[in-house]
Amino acid sequence: MILVLILVVPMSGALFLGLWGHKRFASAVNILFSLVTFALTLLLAIRVDTQGPLIALDENLFVDSLSSLFLVITGGVAATTSFFSLRYMTIEGEHGHLTPERTRLYLALYQLFVLTMIVVLASNNLGLLWVALEGATLATVLLVGWTRTPAAIKASWKYFILCGVGIAQALFGTILLYFASEKTLGPGGTALLLTHLLTVKTQLEPTVISLAFVFFVVGYGTKVGLVPLHNWLPDAHAEGPTPISAVLSGLLLNVALYAILRVKILADGALHSPMPSDLLMGFGFVSVLLASISMWKRQDIKRLFAYSSIEHMGLATLAFGIGGPLATFAGLLHMTTHSLVKSAIFFAVGHIVQTSGSQKIPSIREIAARTPGLSRALLTGGLAITGLPPFALFASELLIMAEAIKRIPYAVPFLLLALFITFGVLIFRILEMSGGETATPEISPSRSHSRLTFFPIWIHLGMALLLGTFFPAPLYEIYQKAILSLGVSIGG
Amino acid sequence: MTSLSATPLFFSLSTLLALLVTGLAGAWLLTRRPTFATPIFLLLSLETLALTFSGLRGLLAGSDIRLVLPGGIPDLFIHLRQDPLASFFLLLLGGASTGVLLFSAGYTKDMATKRVAELLSRTTLFLFFTGGVFLADDAYSFMVFWEVMAVASFFLILSGDKTPEVRRAGYLTLLLAHGGSLLILASFALLSIRETPSSIVSLSSFSFEALSQSHLSPKGALLASLLFLLGFGAKAGLLPLHVWLPLAHPAAPTPASALLSGVMLKAAIYGLIRALFELVGLHQLASSFGILLMVTGAFMALFGILHAILQSAPKALLAYSSLENIGIILLGTGLGILYLKTGHPLPGTLALSAALFHALNHAFFKSLLFLGAGTMIHATGETNLNRMGGLLRHMPRSGTLVLLGVLSISGIPPTNGFASEWLLLQATLQARDLSGTIQRSSVLFGAAILVLASALAAMAFLKFFGVGYLGLPRSEGAKAAHECSLLEMLGMGWLALGSLLLGLLPGLVLKEVVKVVSPLTATSLTVPPEAYGWAWLLPLPPAGPSSSPLLLLALVGILTLPVFWLYWGTRRGKMRSAPPWGCGYRELSGRSQASAESFAQPIRHFFPVFFSMKRHLPTPEDPDPVFDLSVEDPHWPLLYRPLFRLFIALAEAAERVRSGRISVYLIYSFTTLIILLSVLRWH
Amino acid sequence: MTPSLLHPPTSPLVGFLGSALLLSSFAMLAMRRMGSLVRIFALQGILLTLSTLSVALAAKEPHLFFSALFTLAFKVLLLPFLLFRLLERLHIRGEVEVLLNVPTTMVAGLFVVVFSFALSAPISEMANTVSRGLIGVGLAALLLSFLMMITRRKAVTQVLGFLGMENALFFSAINATYGMPMVVELGVAFDVLVGTFVFGIFFFQIRETFESFDLKHMDNTPTE
Amino acid sequence: MALIPTFPSFGWTISLLQMLFVIFLAPLLYGWIGVVRAILQNRRPAGLLQPWRNILRLLRKETILPEGHSYLFLFVPPLFFFIMAGASLLIPFLMVSPPLAPVADAVTLVGLFSLARFAMAAAAMDLGTPFGDMGGRREMMVAFLTEPATLMILFTVSLWSGSTAIPSILHSFSLGHSPFHPSLLIAAMAFILVFLGENARLPIDNPSTHLELTMIHEAMLLEYSGPLLALMEWGSMQKLLLYLLLGIDFFAPLGISRGLSPLSLLVGLVALLGKLFVLGAGIALIESIFAKLRIFRIPEFTALAYLLSTLGFLLHFVLEV
C-alpha cells in the first residue's frame, strides 16, 4: 500500500505543480511534496527492515533493503534539494532570470524526475525499470536545457542523444534477457520480474545473458557516466540549473548504477565466469583515471565537480566489480556518502556562482572575503569529497583499497595516484577561489545568506561526518541486508 | 570502568578532551571578551602540563592499557591504547606544548581578537588530534586522527599572514601530507591481507592488534615498510618529500611553527616507529631496510644543515635544521634496525633509545628556538638576520635562553643535544661487532656524516646567534628592540629548563627511554651498577665509555666562577672603557659587520652539489655592476617541476578525448559496444 | 508441452519481412533527401506492422495484434505526419550533409551486418520461435541506425536514426520473444512518444537559438 | 675502571699535578717552539720563557673594556682558560686512569673543546667589529671539518677497545697492539693536520702575525687587553699542549705509567717530556717549511684531514678485523 503511495505522492505533486506551479506558493508546495515523499521512503525502509521485502501491483513493484536504502537516499536528497532550489530560485528571480511559466515547468519536471527515479528503484519489472530510467532522462533533458542559453541547449541535446542511444542498448539487453528467461519462466508477464528471475538465475542461458549484460552495462553505464560513455555528464551538470546538477550527480547516477547492480546479480548467477565483475572493474578503473587527469584543465567550477562525480562513480563501480562483502559495503557506503557530499557541494557552488555572477573558475575569487560561510562550506565539502577523514568517503576508500590490493594489486598504485591528483587539483582550485581572507576594503561580505541557505549543506556534510565517525549499528544491519540481496554471502 | 578511570590512558584522554573543549569554548568566548586571551592560554598550558604528567606517569609505571570506545565504523570501534611508547610521545607533546602555550599567552597580547581566536581554536584542535594519533590503536581511527592533524596543521599555517606565499606553503603541506597518508593507507591495506578468503575478514581486521598478525612475504614486508617510510616521511620532511617544510614552518605564526616543528614532526616519527616495529613487526623487517633508513637519515642530516647555514631568515634556518635533526633520528632508527636484525640487540636498543632521546630533546630546544626567533622578529619587526643584530643587549634574558637552545642544538656539552648525539655515536661505534663490509661501512658513513653534521650545526647556530644577537644593530628596528613579555619568557624558560634537565640528567632519561624501547626490541640495556648513580651516562657497563655532563659542568663551574666573581668583584668599577679598537677602524656601524650570507660562502663553495645556484657576476667593464646570487633547493628544478610538467602533459593529452562533438562521442559508445561484444564472442 | 511443438518453424514471410527491414535501414543510411528519409521511416513502420501481424498469426499471440495495430497507428501514421509537419514548419529541405561519404558508410554498414549476424549466430541456434535468426537482423538494424546517427550531421536525421533504432528494438522484441509484456511495450511506446515531443520542442529551441540544424553548432568547443 | 680509585688521595694528587703540569708547562712548550723556529730561521731566539713574560706582563696591565660589550665578552676568557685547565684533569698522561677520567670520554672531550671554540667565536662577534666577525667566522670555517676529523680519529683508535674512554684505549694498546697499523698511521697523519688546524698553526694560520686580512685566531682576540687577553692566550697555549698530549696518548702511549708507583710515574714523566721536546721541535720544523695557505684553500686542507680520518676508520674495518 505504502509502496503505491510512494509513487502517488510525487505523481500528484507533478500534476499539481504542472497546474499551479506558476503560483507564488508553488516552491513551498514543492518542498511539501518532497518532504512527504521522504517521510514515506523512511516509513517504507522501516517496514522493509522489520517485515522484509514488499511487493505490490501484481508483482510489478518490489522493494527490498537494497532498494529501500537507495529510496531513502533519493527521498532525502530530493527533499533537501527542494529546500535549496527554493533559495536558489528566489535569488534567480531577484536576478530576473525566470518567469512564472518556467518556474512551473521546473517544479513539475522536478517532481516528475523524482517520480521516475522512485519507480526505477521500486520496480520489480526490468522492462518497467528501463521505461522509468528513460523517463528520468526525458524529464531531466528539459531541466538541463531549462535556462535556454545556447550552451544549455547544446548540453541538453548532447545529453538527450547520448543517453537516448545508450539507453536503447539497455533495451536491447532487456530484450535479450527476456528472450533467455522466457525459456525457463515461460512467455508472459513473469519473465521480466526480478523476484522470479532471481529464483531461476542459475538456469538462464549463459551466452545470451553475457551478451545482454554487455548491452546493459553499455546502456545504463552511459547514464552512470562511465568512461568512455561519460561525455554527456560534464555538460549536463555544468549547464543545468544547479539544483538539477545536484540531483543529477547525487541521485540519477546512483539510480543508474543501481540498475546495473540488479542485472549483475542475474549475470553472476547465470554465467560462472568473472566476466561481469571484470567488466565493472575495467569501467570503474578507466573512469577513475581519466576523470582525475581531466580535472586540471577544467575552467568551469561545475564541470570540475562533474568530473569528480565521474571519478567517484568509477570508484563505486570498481568496488562492486571487486565484490565480496567488504568491497560491496564500501561501494554502497561510497554511493551514499557521495550523494550527500556532492549535492552539498553543488548547493554551495550554486550560491557561489550566483554571488560571483560566473561559473568560470578564474572569475570566481575571494569567496572567503565575500561570503565566508560559503567558502567554509565549499572547503569542507572539498575536503570531504576528496576522501579526507573523518568523512565517510574516507572509510569507503580505505575499504576499497584494502580489497583492491587483494584482487587487483597492480591497479592500486594508479588508483592512489588518481586519488592524489584529484585531491591536489580540487583543493588547489578551491583555495584559489576562496582566495584567502584578503580583507580588501572594496570587498565587504555581501548580503548574508539566511540559515535556510546553509542548513541543507551542513545537514548533508553532518550526515557524511556521522557515517564516518559514529556509523549507527542498525544502519549497518540494513547495509548488510542490502549486501545479501546483492547476492554476496557474508561469512564470518 | 572504575579500575580504568584510574589509568593514565583515561587521564590522558580526559585531559585531551578538556583541552579541546577549553580551546573551542575559549575561542568562542574570545569573540565576546577579548581580554580573556591570557587566562585561557594559561588554562590550556595547565592542561597540557597535566597531559605531560599523565604521559610521565604512564612511562614511569610502564603501563600498557587498551580501551575500546563505541563509534568509528561498524565492527571496528575506536581502539585506544597507551603503552610506554605512546606515553613517551604524550610526554613530549605535553612538555613542548606547555611552553608554547605559555608563550602564546604573552605573544597574542597585541594581536587582533579574530586572529587570536583563530590561532587558539586551531592550536587546540591540532594538539587534540596529535594526542589522538599517539593513542589510536586501530588503522581507521589512527588515520582519522592523523589526517585531521594534517588538516589542522594546514589551518595553523594559514592562520599566519594572509599572503599568497603562506597559502602556497599551506597547500603544499596539505598536499604532501595527504599523499603520504595515501601511502600509509595502502600499507595498512597491504598488512590487512590474509590467507583467508575475503568473505571471512570483517572490518575488525583493521585494529593494530590484527594488523600486527600479518604474514607477508619478504618482498611484501619490505614494500610495506617502504610505504610507511615514505608515508610518514612525507610529514617528517623525509628527503625528497621535504619541500613543504622550509616553506611552511616559517610561514606559520610563531607558536604554530614551534608546534609544527617540535611536535608534528615527532608525530611522524612516532607513526614510523609504531608502524615498523609493531605493525610490520621486527621479525619482518629487513636489515637492508635498516641500512637504507640510516643512509637516508645521514644524507638528510647533511642536506638539512647545509641549507640551514645558507638561510638568512631565522625561521627558515630553524626549519632546515629540523631536517637535520629528523635525519639524525632516522639515522638512529635505521641503525637500531640494522643491529637488531643482525643479532646485536644491545647496540640496537641503544641506537633506538638515542633516536627517541634525540626526538625528545629536539622537541624542547627546537620549540625554544622557534619561540626565540619569534621574539626576535617581534622585537625588531624584521624577518631577516641581516636586519637584526645586537639583540643580546636589548633582550639579555630571552637572549640567554636562546643561547642555551643554540648550545643544545649544536650538540655542545653539557646540553641535551650533546647527550643524545653522544649516545648515538656510541651506538655507531659498536659497528665492529657487525660482519660484512657493506653494513660496517654504511654505519661508518653514518657516523662520519653525523659528526660532520653536528659540527656544521655549531657553525649554523653561531651564525644564528652571532648575527642575530651579537654585534651592532643592523637596522632601526634592531636598535629599537625590546625585551619580550614575562609570559613569553616563562614559556621559553620552561622549554629551556626542560632541555637543561634532559641534558644534565641523561642517565635518568635514558632509563625511561629504554623502558619505551625494550618492548619494541625485546631487549633492555643492562643497568649500570649503583656506584655510578644518576649523574652518569654509562650505556654499556661496565667497561663502556661514560660521560657525566653534570660533573663536567660542576668541574668547569667550580674552576671558572670563583675567578670570574673574584675578578669582577674587585675590579668592576675601576675598569676603563673605550671605543673598540677594530684595527683602528673607527666608524663602526651595523653595515661594517659580516653579513649572514658570508657564513654561507665557504659552504656554498665546498658543497656545490647540494645547491642549485644561479649566479650573475658583473664584468669588469660593467658600468653599474650588479652581483646577484640565488640559491634554491635542488629538488625543485630536478624533481618537482619536471613531475608537474609531466602531469600537465598528461592532462593535455587527456583533453584530446573530449572533442566536444556528438558524433565522436557516439563513435566512442559504438566502438566500446562493438569491442566488448567481439571480445565476448570470440574470446 | 515444449515450445518447439507450440511454434511452427520460421515462415518465409517473416524472413522476407526481416530482410526488407534490413534493406530499409540500409536505405536510410544511403538516403540523402530529408523527405525520403521520413518516407522510408514510414515504410519501416509498415514493415514492422506486417511482421508483427505475421508473427501474431503464426503464433496466435493475441496481444501481438494490439501491438501491430498500435505500430500502424503510431509509427506509420502519427510519427511521419508529425515529422513532415516539423519539416514544413521549420522549412527543412533538401540534402542531408554527411560526415562520412555514402559509399564508405555503406561498407561500414556491411561490416556491421556481418558482425551482428556472426554475433547472434549462437543465439539464433537456440531460438525456437517462428522467427529464428531474426535477432541478428534486429541487432544489425540497431547498429545501422547507430551508424547513421554517427554519420549524419543534422539534428533531424539524428532523430530519425533514433527512431530507427527504436524500430529495430521493437522488431527484435517481436521476433525474438513474441513481444515484451504489454505493460513494457506501452511504456516503451509512451517514452518514444514523449521523446518525439521533446525533439519537437528542441527543434524550435534550436531554431530560435542557432537558425540552423547543423550539429556543428551543437558541438561545444573543446576549449571549454 | 672504577670511579673510586685504589689510592684516592694519591690519585687526586696526581691529577692535580697533571693540571699544574699543563698550566705551567704550556707556555714553556710555546716558548720552545718559538726558540726552534727562530733557530731554523736564523733569528736569535727570544728565549724559552718569553711566553711567560708576556703572560705576566699582560696580567699586570689594566683591562680596557670596549664600549657596548655584553656579558659574553667578559665571561668567555676565564671560561676558555678553565675549560682547558679542567680538561687536563680528564686526559690521562701522567697516569693511565686519573680519577676524573670517567667524567668525560674522548667524545665529550672534543665536545668540551668545541664549547670553548664556540664561546670564543661568540665573544669575538660580540662587538661587531669587522675583524672580530671575520675571526669568529673563519674559526668556524676551520672547525666544521677539523672537529669531525678529530672525532673520526678518536673512533679509529677507540675501535681497538670498543670504547671511547681514553683509559680503556690506553689499556687496549697496552695489550700489545703495536700502534703501527695502517689505520693508525693514517689516523696519525690526519691528527697532525687536525692539530695544525685546531691550534691556529701554519699553514692554516700564523700565530705570530697581526696581518688583518689573513689572521684567524688572533682576529678573535683583537679587542681583549690585559688579564683577559692573558687568559685567552694562556688558554690557547694549554689547548696546544692538550692536543699534543691526546696525540701522545693515541699514537705514542709508550712509557705512560700504568701503576701509581713513584718510579713508574717518574719514568712516565721523563718519557713524556722527551716526547713533548721532540714534538715541539717537529712543529717548529713544519711551520718553517710550509707557507701559509690562502684562506679559501683552508677547507681543502681540513677536508683532507677529515677524509684521511674516515679512511683510517674504513681501513680498520676492511683490513684489520
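Going by the order they are written in, the chains are A, B, C and D; count residues from 1 in each one.
Criterion: contacts are C-beta pairs under 8 Å (C-beta built on N, C-alpha and C of every residue); 3 or more make two chains touch, one makes a residue touch a chain.
Treat the numbers as computed from the prediction; the structure is a model and nothing was measured.
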item	value
Centroid-based (C-alpha) most distant chain relative to chain B	C
Highest C-beta pair count, chain pair	B-D
Chain occupying the middle, per Cα centroid	B
Whole-Å gap between the CA centroids of chain B and chain C	70
Length of the line joining the C-alpha centres of chain A and chain C, rounded to whole Å	31
Centre-to-centre distance between chain D and chain A (centres being mean Cα positions), rounded to whole Å	79
Chain C and chain D: spacing of chain centres that average the CA atoms, whole Å	102
In chain C, residues with contacts to at least two other chains	119, 146, 149, 158, 218-220, 224
Contacts with two or more other chains, residues of chain D listed in rising order	none
Sequence positions of chain B contacting 2 or more other chains	655, 658, 662, 666, 677
Which pairs of chains touch, using the document's own definition	A-B, A-C, B-C, B-D
Residue ranges of chain C in contact with chain A within the complex	3, 119, 122-123, 126-128, 135, 138-139, 142, 146, 149, 155, 158, 162, 165-166, 169, 172-173, 176-178, 180-181, 183-184, 187-188, 190-191, 194-195, 198, 201-202, 205-206, 209-210, 217-220, 224
Chain C to chain B touching residues, read off their complex	99, 115, 118-119, 143, 146-147, 149-151, 153, 158, 215-216, 218-222, 224
Complex contact set, residues of chain A against chain B	157-158, 161-162, 165-166, 169, 210-211, 214-215, 217-218, 222, 228-229, 231-232, 234, 275, 279, 290, 293-294, 296-297, 324-327, 383, 386, 388-390, 394-395, 397-399, 401-406, 412, 416, 419-421, 423-424, 427-428, 431, 436-439, 468-471, 473, 476, 488-492
Residues of chain A that touch chain C when the two form their complex	60, 125, 127-128, 130-131, 134-135, 138, 141-142, 145, 148, 150-151, 153-158, 160-161, 164-165, 168, 171-172, 174-176, 178-179, 182-183, 187-189, 191-192, 205, 207-208, 211, 235, 299-300, 303
Residues of chain D defined as touching chain B within the complex	1-4, 62-68, 70-72, 74-75, 78-79, 81-83, 85-86, 89, 100, 102-108, 111-112, 114-115, 117-118, 121-122, 125-134, 136-137, 140-141, 143-145, 147-148, 151-152, 155, 158-159, 162-165, 168, 212, 222-223, 227, 296, 299, 303, 306, 310, 313-314, 317-318, 321
